[in-house]
């Protein structure tokens, strides 16, 4: 093995029924290097990682790791850990029923005379999380925390294992800027300690912020490995997509929006859900894209859920097109033309064993009711339509959705809601895990829909994305709506100021 | 952070509710059957004496249920264990001690087999243990179709060794002084219960059981050897089941094909009433103990009532069970709401 | 090769294969198993017995499949509900007497009330599971415990006999038709269930709720309602099965009608290749599973295996069947085969 | 107390009636006695198996109607739901409730040492009914009341021999199948053994197969169906209770054969429940050997003796008869259950 190299993968091949996920892929990771693994949705990034850590078996090729002369095959994540590879997978993989501390230390609990030392474990956990600037009760069960916090916990766990190789598969997809910054600091520190880090992300600026090297995959094949300084942004995108792409410049706001008039689609008066979001007032007009912004845990998702009835509001009133609506369950909101793409794809989005087709039509079917089944032919038409529109990469429309790559799953869910043709669409982190090409498409789509008169609520951790798409923004702080910014006030600065305004350190 | 407030997470809360409901229930019994001796200490001790085996088996059941599994073979295994004990001691002249050791090994082997099928072949636990249930019951019949009474002196001396408490004596109607007592089986059951409690709470293995039950896929990705953990859980369960069978046999001193029918449901119900989730990841043996005690108290009510026909007995037991389960679920819902 | 793959890839391939394997045991052991003759104008033979005797189980398995699919739990009260349905039917027909030689009330009334009682029992279970969020096995444990008590209460602890010939029709034969009546009932139930699932979106709803109840709620499904519905349907099935079992013995035997049937019904669902943790399901699979179980029982009887030892053989066959269906098992087998092959090759080279 | 020997049917019924009458007498006696003496009732704790059959229900009923307040008793009834564990629990609770007598109809014969010792230590006399208990020390219970199942088996075989004689078939080869009760039940063991022993006297009788029908009609039918397919030439079916016999009759008819006094196959059954008489009247069944469930009066008799300080016999059989089909119509109306 070359000097300074911790990991090499050669000629890796892996097929799933109907899909060649990886073909002749090479990958080299050096000590103290942050190595970006890039590619469109379904390019094979996660698969490469899973093959490396023994979650999936691979058919061809060999893996070598520093310290072993022989090629190794990790048969299980446990073996991979023993070989010094520690991983944060794309979907949060922690145990919801265990406490935060346990999730951090399971399998390597501090023990005293063979008996777990809970006190020490909790203290260590607290310290570990504090180093990431997270201050939460570590004795509470993990399920009490938001997906973002869970993501941070997963990262903390992986980092604390002090491995030779650290793999991060889209760790930043549900983090906001400040969390991302914390993560980067941590990565830089580890880099100094000589850890090799594999970093998967769809955020180009993040790649350029921390990475040294980039390996690009396309359709399961290796495109090449490049030093960051040698590969400008535009070229990187071109390599990922296999064609030139006019990058972000094109996604500037597409001209002036035709104001959808003053028709109020949604009006909330003192709506609230005790424990998650304090009573708020909001008005959403036809053709408007309203963004929700705030810090992590400020209650953006909660506000949206409250309107949609995903969490049944327990005070206040909601008016849809002027009519009072009593939402008992999401279906009531749907009947009135709402749609909601949840932030937590795995728990609330995908119905894992059902096919892509079934996942796409299910919401429309639910809206139509049990006795008006959509004919098979129509179902297939709808499915094909959205597979094309959103460029969903799937072997077949009958493939179970769980076999799709994370980003493609997200597209299916988005397709599901577009199919219901709503008047008011709530998108909670819609571009989470979606590659740069499609992301632009989605943003364009949102604007187009708004132009046609749809009202959209848009939640994203990416402020830039929000600025590009939103015509108005609501600011949240500590589960409370504290203000609104109008179109002309929208800028990175003003938003940051509004979010930060009055925030105290605790 | 300021002063630590006493906080309850959902599961501790449910456990406390269960214990509270038990206490209330018992108090109601004392009032209703005031003149019939319900308040005697011995009546309470009888709950343990009669259910020593069940306590241990419910503990084993709790373990597999936490992994997200279930074991419906326990009733049949208890019958098999009892039959084996009786058969070995009475028909084969094997001594009590070796016989007990042999049945413990049988329990282990049974656990290994079921565990292998569940963990390594990934067959659904319900089906594996259903087959186990059929198998054990059939084997019992193959060993002997007749009832075998245990007459072994050593064994009977264990079974009949009253351990009297030095206080609380009562003179009954016939003028006999009765001191409260328990049997060794009760002591064994409680010791095991404590051991399992410690194992679940304070050992690596114990915690990994919870992890596997919480989310198997995640546990695997976090680097736990899920298969081995599951296998071990079933082996431990098989072992506890054998001990439970032995304690059961101390109480009934006989081997018989039809023995302990429906025992699995009692064990599962006890565990669930005690707050264990059939979906895995949540559970506690202390809860299961109270589950057993609640079931026992319901039965004691029925006996003290003393006029219920067979069918009313069934209906009343079910009604009390329903009352209890629904109350518990209402409390859980209230808690959910207040969140 | 591809065609072979297509066949083996078909979801019901393994259950059907297992069913055939069980039947094949007889080719060696009891060749007369496949003989069918006509006696009294009725088809007669072991195979007919299998088809006939499995009827209750098939119907229960249909209901159980939906319950399992929607809630990921099992309804263990079906056996007890059968006996309640039988008891109420006989009670109405006998007018409360212990035995009767003529209907005291019209048959249809008795049957209807029995089925309605079955549905009510199902609704109770559904209420507990869907509304009160009680774990299915425990929720149904209540009726499992109380059911036979209620049945005994209705029959006053005795067996109520309906000694009217027309009462035996459901569990026996209708004059002039060579097949047992139960077969037709089974066909009706299975076809009806399939029609409902295919012609409405219910099948999709049930799967969706069973796979991910939270996501289903978000897409606008009323999970609770759907789960409730499946339990009610399961109760209906239990009611029908109870009537059938009662007709076979033209009486209501509270203690024995449907005894231990719940376990076989659950087993049938699993043998049909369905996951007991809910989600995707195949009614046809469960039906085949039910016939497999009955074929096994009848086979063992034909081989004169004593009833109390029969479970041992049943257990062994069940383990073999489910192992065959297990993917892990296949993997292990393939691994071993690969190793053998590579070993042989190495030997050849050497 | 006679042991259910070969009494003629008419005898049996009359005797039965008389025992009942005498009992009502003693009962009234007791009452007056009680009011005179303590003014207190005798508390009897009765642990019953369950309600698994008509026979059992009749047995329970007999106890309940005997030990009434009017007769000077308080009955604490406990139903064990067919589980011995429950019975043991119940007995322990009876002890705590200070009952005067404990009556047990045991689920199993085995496993009684411990708890009976507890009762003895508390000074409470125990009477066993129906099934026997198998204990190391006889003094753990006062007396046993029940049926002689072995004798029932003998009776069945003897009746068959006599019947075949009458039919001039005593020299023929006779093929028998048995539908056994739940394996391990006393009734099953006694009846099987009784017939088995008597079989030795008849070398021309062949037992083709024994299989349990678990005392139920449905199982009895299923097993009989299987028998009929395996054997072409069954002459006699012995069903160890009436319910299984009903199932067997249906199976036989379905196979296109006939049974009963005028049929191909002789049906011999036990228990003589009311429905069996219907079956005999219908001409489907040849004979049913009684198993008398009316234990209450007999137990009361013993308790009265014990109250007076008298000693009682350890074993008390109840009267039982044999009811062939030709007398069925006549006897049915006189039957108590």
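In order of appearance the chains are A, B, C and D, and numbering begins at 1 in each one.
The rule is short, and it goes like this: a residue touches a chain if its C-beta (ideal position, glycine included) is under 8 Å from a C-beta of that chain, and two chains touch if they have at least 3 such contacts.
Please read these numbers as outputs of a predicted model, since none were measured by experiment.
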Within the chain touch network, how many edges lie on the shortest path between subunit C and subunit D?
-> 1
Where the contacts of subunit A and subunit B overlap, which chains show up?
-> C
The chain pair with the larger count of contacting C-beta pairs, comparing A-C against B-D, is B-D
Chain centres computed over CA atoms; the one at greatest distance from subunit D is chain A
Centre-of-Cα separation between subunit C and subunit A, whole angstrom | 44
Expressed in whole Å, how far the mean CA point of subunit B lies from that of subunit D is 35
Approximately how many whole Å separate the CA-defined centres of subunit B and subunit C?
-> 30
For subunit A and subunit D, let me know how many angstrom lie between their CA-based centres, rounded off.
-> 73
What parts of subunit B, by residue number, touch at least two of the other chains?
-> 141, 145, 257, 309-311, 313-314
Shared-contact residues (touching 2 or more other chains) in subunit A | none
Pull out every residue in subunit D that's touching 2 or more other chains.
-> 51, 57, 60, 183
Hey, which chains are touching each other here?
-> A-B, A-C, B-C, B-D, C-D
Enumerate the contact residues on subunit B facing subunit A in the complex.
-> 7, 9-10, 198, 201-204, 207-208, 210-211, 213-215, 217-225, 281-282, 338-339
Of all residues in subunit C, which touch subunit D in the complex?
-> 32, 39-40, 42, 44-46, 49, 53, 98-99, 152, 156-159, 161, 163, 172, 245, 248-249, 251, 253, 255-257, 259, 298, 301-302, 304, 306-308
Of all residues in subunit D, which touch subunit B in the complex?
-> 45, 48, 50-51, 57, 60, 75-79, 81-86, 88-90, 92-98, 100, 108-114, 117, 121-124, 134-136, 182-184, 189
Would you mind writing out the residues of subunit A in touch with subunit C in their complex?
-> 310, 329-331, 334, 340, 342, 347-354, 358, 362-363, 365-374, 416
Mind listing the subunit C positions that touch subunit B in their complex?
-> 72-74, 76, 128, 132-139, 141-146, 148-153, 157, 254, 263, 266-267, 270, 275-277, 306, 308-316, 318-319, 322-323, 326-329, 332
